[in-house]
Amino acid sequence: MSPKDNKPSSPPPPAAPPAKPAPKNPGFVTLNIDGKEVTAKPGTNLITAAKTVGADIPYYCWHHRLSIAANCRMCLVESSTSPKLVPACQTALQEGMSIRTDTERVAEVRRSVMEFLLLNHPVDCAICDQAGECKLEDYYQRLDHKPSRLEGGKILRNKRKVLGPLVVLDQERCVQCTRCVRFMDEVAKEPQLGMFARGSEEYIDVFPGQQLTSNYSGNVVDLCPVGALLNRDFRFRARSWFLSTVASVCTGCSRGCNTYVDFMGQDVYRYRPRENDAINQSWMCDQGRLSYKPLNLARVQAPSLGRADDRREVTAAEALLRATAQLKAMAGTAELAVLVSPSCSNEDLLAGLTFAKDALGVRHLYVGGRPDGAADALLMRADKNPNRKGLAWVSAGLGLSLEPFAALLKAVQAGTVKALYVLGAEVPVDEAEAARTLAQVEFIAVQATNVTPLTETADVVLPTATHVEDEGSFVQEDGVVQRVRRAFPPRGSTRGHWNWAVDIMREFGFPLTYESARDVFRELSPKVPELASFGWDSEAPPLKTQRGLQPLATGADGRPPGYREFGAPRVRGI
Amino acid sequence: MNRTLKILSVAILLVPGVLFGISWAQYRVGGWLAESCPVFHTQLQLCDTGGTSLAWVSALLFHMLLFVMVLATLLTVAERKWSAFTQDRIGPERARIGPAWMRKHSFGGLPHVAADALKMIFKENTRPKAADRDRILFWLGPVLAFAPVFALAAVIPFGPTVPVNGYAISAQVANPNFGLLYVLAIASLAVYGTSLAGWASNSKFALLGGVRAASQMISYEVALGLSLVGMMVAFSTVQLPVLIGSAAAGTGQAQYLWQGSVLGLDFGVPAWGIFLQPLGFLLFFTAAFAETKRAPFDVPEGESEIIGYFLEYSGMKFGTFMISEFIEVVVLSALITAIFLGGWHLGFAGDVALAQGLGKSHPVLYGAFCGAVFAMKVVFLCWFQLIVRWTFPRFRYDQIMTLGWKVLLPLGLFNLFASAALVLLDPSLHWLAVAGLLEIAVLAGLTLTRKAPKSGSGHEAAGHGTPDVHALPAAAASAHH
Amino acid sequence: MAYYQATKDPTTDIRERTYVPELLHGLAVTIRHFMRNLFFPRDTNTDVLNRTGTSQITTVSYPEEQVTYPPGYRGLHRLVPREDGKPRCVACYLCATICPAQCIHIEAGEYETTDASADSRVIEKYPTSFVIDELRCIVCGLCVEACPKDAIRMDTGRHTPSEYTRSGFVWDIPRLLEGPPVNHPSDPWLKRPGSERPAHAHLEKHARIGEGLVPLKLPRPAHPVRTEVTSGPVPVTKFLRD
Amino acid sequence: MADAKDTVPQQAEEGELEAHLHTKRMLINMGPSHPAMHGTVRTRVELEGETIVRAIPEIGFLHRGFQKSCENVTWNQCLPYTDRLNYVSALMNNFGFLKAVEMLCGITIPERAQYIRVIASELHRIHDHLTCVGSIGLELGGFAPFLYAIEGRELIMDRVTELTGARLTTSFGRVGGLNRDVPEGWAERVLKTLDKCHELIGEMDTLLTANRIFVDRMQGVGVITTEDALDFGFTGPCLRACGVPYDVRKARPYWVYERMAFDVPVGKNGDNFDRYLMRMEELKQSEAIVRQGLKDIPPGPVIVDDWRIALPPKSEVYGTIEGVIAHFKLVMEGVPVPAGEVYDSSEAANGELGWYLVSDGSGRPYKVHVRAPGFALLSGLPRMVEGRMLADLIPTFDTINMIGGEVEQ
Amino acid sequence: MSAFALDRITKVLPGALLDRPVDRTGGHWGLVRPDTLPAVAQLVKSDPELAFKLFLSIDAVDRLQLADNTPRFEVVYFAYSVSRNEHLRLKVRVPEERPEVPSLAHVYQGANWWERFVWDFYGIRFLGHPDLTRILMYEEFKGHPLRKDYPLRGRQPLTPERPVEDIFRGPGTSGVG
C-alpha cells in the first residue's frame, strides 16, 4: 500500500548524520520502521508507532501512562540515528529515521536481555499466579527459547512480603522495571513504594514503616509485568488460563470504570481495569476492584413467597401469579408505590418503569439505591450507584417523577402506602431499619440480586440477575452510556429485572414479545431521547477481549473447562 | 513328562477300564434280567433280535443312558477343553469342587459339567412374547430335536451278542430286521425339532436358522442314505450286528480279506467298511456332519451370521438343543464305528483267536472287551469330529446345497453302482477292497505331496527388480509408471 | 518395481479342488497344537514371549499369575511425596490443564505465614484438594508429562481397583499419596537458608518414566549421526546425546 | 357399523390365506449389537430368501464428536482422540496426525524418531492385519486361526506396551518426534515376536488360504470393480485388491520408507479373497520392514530440539526457569502451529489416512478433518453385497475391516 | 496437490476457478465457482490426463472465527489421481444464508456419504443429492454440531435422559474431597 521509496538495502544505514530533511507530511513525522513507512504525530512513542506496522517491540518497564524509565532494555532497536541500539521507548521520532526491529542483532540483544532477566528469577511458574499472563513467559518463548547457561545458585530474597491489605510482593520474581514505583508516584500520588539497594541486590519494597495502603494499590498488580506483585484477594484461587473474560463496567460507583470481568463457570474471580481514556484511563480503585464479591455471595437464587417463617421457595410462575394478583388489585391507586434503585441497568429501568407506569399506573417513583460513600479526586465517586443518571433519563423520558427514599418511609409510616413494588432492593439508609419500617406495608414484591433485610420482609421475592449475567447498559455520571456484556448464564432461577417486569406485564395482559435485553432497549429506548441515539450493538465491546490465552468457550450449561463434572468451582476465601 | 505320563495312563488305563466296566456290567445285568424274567425269552439265537428278552432294558440303561448320555455330557466340556488345546489356550478350569486338596486341581475341567448343568437348569427360562401364540410348538422344539436323536442309539450294537447264563445277551436295545432303515427314518425326524424351534420363536433370525436347518438336513438325508447302500450291498444286510459280523465266524466286517500271521497272531486286511468303501465313508462322514449341524456345516447356527434357530431359547430348553447336538455326535460316531470301522472288532492282533478262545471260555469278558473296543472307537471319532469342528470355517448355505446335491449325491450314486458292479463281479469283496485301497492311496498321495508355496512369501519371491508387471491389470500397470 | 501381483487361485490345484487333502493339512496343524498342548506341561512364566517348552499355551491365569508391566507402563496415578510426607504437588494446575478427559480437580491453598513449617518452605502454595476421577481418566499419561514438579506419576504398575460406587473411583490425596519420597536438588525448599544449596543445579538426574536418565543439556554442536559399521543388527540402545 | 365389524376378521383371514401366496421381503437388522458387526454398526438388510436385495449401513452409534473435541484442545491433546479412531492400529493414527501437524509446522523430525515411527507403524500394521485376518476366520466359523492371530497380536501389544506404556490407546509421539525412546532390549524382543508371528501366520495360511471351504466362501464374493472402488474412495488393501497399485508409502514416501526394501502386493479380482491375500502378503512385507528398521536405526535424539515445539527435558524443567517457562507455555497454550492449512496422508492399515488441518495460529486446531479409510469402505459395502447371500455379508464386512471408531469419529 | 489439474480446469472451463492460491506448505488448491462444480468434477475425473478417479473425501470449514470469514462456509473436496500421483483439493465457498452446493453424488459415488456428513455437521445442503439425511447424528438432532457457533457442551436431551443415581459430580456432593 504505502510507497516504499527509500527502502534501506542493508540493516545498518550509513552513520553519517544527514541534513535534517524537510518533513514529508507537514505536521507529522514520517519515518521508516522495518522497511515500512510510518507517519505519526510528533511525540508519539516509537513502540506505539511500530505497532501500527505490525512490529511488536517487547518491553517491560514502559507504560503509556507512566513516565519513561528505559531500564529494562528490552525494547532496544536499531536506529539510523545511532550506531548503538537505542531503547525504543525513549527514542524520539525523527523525520526520516530508519528503525529496524527485526534484525539478527536486535534479536540477539533481546535474547541476552531475557537471559539476564531470568538469571535470578526463581523457578516459580508452578506457584506463580502470573503464569499464563506473564510477560517473562511470553517474551521468553517468543524471543529466546534457549536453555539456561546459569551455573550456580540464584540470589535469594524475600518470597512473601505482605505490602498491604491487597498486595503481596515476591522480591525474587521482580525484574526492577519500577512501574509500580512510578505509578504510586505519578498516578496515585502516594509514594509508598521505592527501590532499595544497588546492583543485583536491588529490590522493591515499601518505605520503612509504611504499608501499601493506597486505594489504588491494586493497579500495581496489573502493572507488574511479572509475578512479583500479586493480588492477595485473587491469589491462588484460579489459574489465569482457566478464566474467561468479558468486557463490562464497574458498578461500584457512578464513575463507571471500564473493566474486564474474569470468570470461571458462574463465579466471578476478579475485575481488571479496561482501557478507557475518557473515564478511567488504565486504572480502577481497590474498592471497585473488590465490588465483584456480591456477584458470587449471598445471592437470591430462587423465587420465594411469604414473610419470615412462612417463607418458602416457589416456582417462577407461582411467584409471578401471586405478585400479579396482589398488584393488580391495587394498580392505579395511590396505595401502590414503586421503589426503584439506580443500580439497575437501563434495560431494567426501561422495562421496570414501563411496567410501573403502564401496568401499575404510578406517576412517581421512590428512589432507593446504595448510600453515598467515600470519594477521592482520581476515580472514586461518592455516589455508589452506577446508573443514577440513567434513572433520571428514563424516568424523565417516561414522564415519571422521582421522589427521595425518605418520602417513601414517611408515606409508609403515614400508612398511605399499602403495597410496594421494589426494583432493586438497595436502600440509601440503614437496611435493617428501613426494612423494619417497610414491613408495615401490606404487600411487598421485591426484585433483588442479593439477600438483604428488605428481601427478608418481602412477600414475593423475585431473584434477579446481575450485570455480568445479562447484557445491558449503564449511564456513567458524565452521561456516557456504556454497554456491558453477558459473561455467563444467570445463576439459579434468576432473571434480569427487565425479564421479571416483562413477565408480570404479560400476566397483566400486555402482549409483549421482548425476549432479550436487546429487544427491550430497541423497543423502549425511543421514549428516552438521551438513549435513543445509543448504538446498543455497535457500541458494545468486542466479545473476544482476552489477551493472551483464549480459554475454551463456556458451554450452554455454563460449566467451565477443567471442571466438567465437578460442577461450578466453589469460590473460596471471600 | 509328569503330565504326559498322567494323561497317557488315563487314556490307556482309566478310560478303557471304565468302558470295559460298563460293557461288562451291561452283560451281567442283562443276563440277570433275562434269567429273572425268562417269560420274555424265546430261544438262544445269536445275531437275532435282542429285544426278545428283558436284556434290552440293560442295554438301554448302560449304553444309552450311561454311555451315550454321559459321553455327550462330557463332550460339552471336552469341546471347550479340546478346542482350547488346539488354540493354545487353557480352557475351562475354574470350576472346582470338594475339599481343599481337591480344589487345587481342575480335573481337566470336568466339574464344569456339573456347573453347566446347574446353570442350565436354574437359569431363567424365558420365552419371547412373540412366541406366546405357539407356546406348545415352542416347547416342542427342543423335545423333537432331542428325542429322535436319542432314539437312534437304540439300534446300535455296542458289543457282540454273547451267552450269559445261557441266554444270548446283546448290547443293543433293539435289533429290528429293518436295521439301518430305522436310523434313516428316525434321523430325518430330528429336522422337525429345529425347524419348529426356528418357526415358533417368531424371530427372523431363528426362522432363517430353522429354514436353513430344514433344507440342509433334508438334503443330506439323501446322501446319508446313499452312502450306506454300498455297505448294504457288500454284506447284503441292513442289520448292524450282521454288518459288523463275528470274528469267530468270520462274517461281516470281521472277516479278513487277505490274511497273514505274525508270531502266531493273525494279521491282515479286515473287510472294514473304510477299506471297502472309503468314498462311502467320506460321504457318510460328511453327510453325518451336516446332520449334526456342526461346523463346517453349522449354517443353521452361524453364530456370526444369524445366531441360529435356538436364538430365543434359554435355560434347559437351550441346554436340550445343545445336548442333542452332542448326542448326535456320539450316535453318529457309533454308527460310523459300526458300519465303517469294524464295530467292536480290533481287526488285527489275534482278534479271531481271541474270539475263538476267550469268546468260548469267558464270553462275558470277551463281550466286555469288545464293548470297550467299540466305545474307544466311538470316543476317538467324537474327538475327531470336535477337532474338525474347530479347524474349518463354515460353508455358505448355497454351497452346502451344491455340495449335497451336486457333489455328494452323484458321488454316492457312482459309488453305489461301482460297488454293486464290483460285488457282482467278485462276491468275495476282494475287488471291492482293491478299489477302495486304491482310492485311499490316491488320497494319501495327494495329501502328502504339497504344492510348493507360490510366489506368496513376499519379499524374496517378489524379488527386487523382477517385477511381474504383466500380471498387473492393464489399467493398473499403466497407472504406475 | 514396488508393486507385485499377489493374487492367486488355489482352486486350480487338484489337492485344493478335492477338498480333502488340504483339509487334512489344516487338521494336521490343529492336531499338532492339540497334542503339544495336551501332553506337555505349560510354562507359567508370565512373560509369554520368553516361555520355553513344547506346550504353546499362552494363557496367563489371572489372578494367580499376573503379568508384570514393563517399566514406563501407564498405570494408576500416584502423588509423589517429598521428605516431609506432603505431596510434591504445588497446585500449578498443569495436569488439570492438559488432561483431555478433564478428570483432575485441584484446589490450591496457601500456607499461613504463622505456620512454623512455613519458614523453610518457600513454596507457600499447596493443594488443599487434589482429586482424580479415575473413571474419567483415559490413562494417556499427559499429566505426568505436564507436571513441572515431578509430583504425579503413573508408575504404580497397577490398575485402578474396582469399586462398588462411582464416588469410590474418585481418588483424593490420602489415597493417591504413596511411594518413597523424592527430592530433586533444585527443589525450592532445598534452596533456602538452612538447607544446603545445590552445588550445581544441572547435575540432578531425573528419569522420565521409561526413559532412563536424561543427560545434562548444555549448548552443544549439532549432533553428528553416528554410523555403526557392523554386519549384525545394531542393538537399539537408549537415546544418547553424546 | 355392525356389518363392518363382522366383515373385518373375515377379510383378515382371507388376507392371511392369501399371504401364503405372496412372498415379501424380509427386513432384518444386523446390529448394532451383533457378533459380526465390528464396533456398533447397524446394517439394515432386505432379504429375498437368503439373497440380499438391499443393504443399508447405518452408522453413528459410536460417534464421539472427534472433530469438535479436537477443535477445543491443544494439538498434542488431540493424540488421545486419534488413538480412538482406529483403535486397532492406534499408533498409525497418532503418527499420521502428528505427521500432518509437523508438515503444517514445517519441521522435520529426527531420523531416529522417523525410524521408530516406521517400526511402530509397521508393528501396528501387522497388529491390524492379524486382527482382520483372524476375525475373517472367526466369523467364517474357524476359531483356531482367529486365536492364532490373537496370539500374535497379543505379543505385538506387549511390545507396544513396552514402547508406549499402553496396550491399545497408545497416545504415543508428540509434535516434533516422540515422547520417549525405545526401551532397552526392545529390539531383540521385537525380533523374537516377529519370529513367533511368522510361525503363526504360516499356520493361519495353512488353515485358511489353502482351505477349499474358505476359498469358496471368499473367492468371487464381495466383488467390486476397479472403477467403483476408486469412485467410492477405496484405499489400502481393498483398493489394491482391485489391481490399483496405490500405496502412500510408495507413492509419496514419508519418514524413512524410501530406505526400506519392501514391495506392495496388488490383486486383480477385487473380491474378498484378494483382499484377504493382500493382507496376508502385507503381513510379510511389514515384518520385513520392521526387521530392516531395527537393523538400520541410528542413535540420536527422538524429538526436535526446539522448545517452542517439544517440551524441555525434565531436568531443565525442574531446575531452570527457562525450562519451566517453555514447559508452561507449551502445556498452557499448546504448540503454536502457524496459521495455514494442509492436507497430508499416510498409509494406515486400511488405506489412506488423510488429515486436513486448518490452524489459525493459536495452540489449538481450528479444524481437524480426518479422512478415515473405513468410511469410504463402508459406504461401498452395499455395492459389494447386494445381490449376494446373507452369509456373504459377513466375510465382506470383515475384509473391508471397517473400524467403528474411525468411521464414526 | 496438483497445479497441473488447476491449469487444465482453467483452460477447459474458463471461469470455473475463482482463485487458485498456494498454501504455506506448498499445496495448490482451487476455489471453484459453486455452479460449475459438477462440471469441474466431471472434468477432473474423466479427463485422461488428469484421471482424478480416486475420490477421497469432502469436508467443510466454518470460517466464522477466522480473519477472513465471508462467505462463511467452505466445502473442501479431495481427490487423487493414481496416474499422476497427485492430490487435488478444490474448495467451494458458500454464504451462511444460502448454504447450498450442487451435489457430486452422481459424479463420484463416494461423495454420497461425505455429503451427508457435511450436511449433518455443517448444515450445508447438497442440491441433487439422492438422500440427504443425517449420517452420524440422530435424526431428531437439532442444529449442526461442527459449526463454530454450536456450543461445545450444548446438550440435546431430546429423548429423556435416564437418571443415574450415583454419578459423581465433584467434591462436596458425594462426601469426597
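Going in written order, the chains are labelled A, B, C, D and E, and every chain counts its residues from 1.
Assume a residue touches a chain if its C-beta (ideal position, glycine included) is under 8 Å from a C-beta of that chain, and two chains touch if they have at least 3 such contacts.
Everything quoted here is computed from the prediction, not taken from an experiment.
The minimum number of touch steps separating subunit B from subunit C is 1. Distances between chain centres, each the mean of the C-alpha atoms, put B farthest from subunit A. A summary of chain positions shows that the Cα centroid lying nearest the centre of all protein Cα atoms is that of chain D. More C-beta pairs touch across the C-D interface than across any other pair of chains. When chain centres are defined as mean Cα coordinates, B lies farthest from subunit C.
For the pair subunit A and subunit E, the distance between mean C-alpha positions equals 41 Å. Distance from the subunit A centre to the subunit C centre is 46 Å, each centre being the mean of its Cα atoms. Chain centres here are Cα means. That of subunit C falls 24 Å from that of subunit D. Among the residues of subunit E, those in touch with two or more other chains are 82, 152, 167-168, 170-171.
In subunit D, 72, 144, 151, 207, 211, 213, 244-246, 262-263, 265-266, 268, 281, 312, 316, 318-320, 324, 327-328, 332 are the positions where the chain touches two or more neighbouring chains simultaneously. Listed for subunit C are residues 1, 3-6, 8, 15, 23, 25-26, 29-30, 33, 58, 94, 97, 105, 107, 131, 133, 148-149, 186, 201-202, 217, each touching two or more other chains. Those residues of subunit C that touch subunit B in the shared complex are 1, 3-6, 8, 13-15, 18, 20-21, 23-27, 29-31, 33-34, 37-42, 56-59, 61.
Of all the residues in subunit B, the ones that touch subunit D in their complex are 83, 86-89, 204-205, 208, 212, 295-296, 298-299, 302-307, 390-399, 456-459, 462, 464, 471-473, 475-477, 479-480. Of all residues in subunit C, those touching subunit D in their complex are 1-11, 15-17, 19, 22-23, 25-26, 29-30, 33, 48-49, 58, 69-74, 94, 97-98, 100-101, 138-142, 145-146, 148-150, 154, 184-187, 201-202, 204-206, 208-212, 214, 216-217, 223, 225-227, 233-241. The part of subunit A that touches subunit C in the complex is made up of residues 122-127, 131, 146-147, 149-154, 156, 159-160, 162, 235-237, 239, 241-242, 561-566, 569, 572. The part of subunit E that touches subunit D in the complex is made up of residues 1, 23-25, 27, 53-57, 59, 61-62, 65-67, 76, 78, 80, 82, 85, 87, 89, 108-110, 112-114, 117, 121, 134-138, 145-146, 150, 152.
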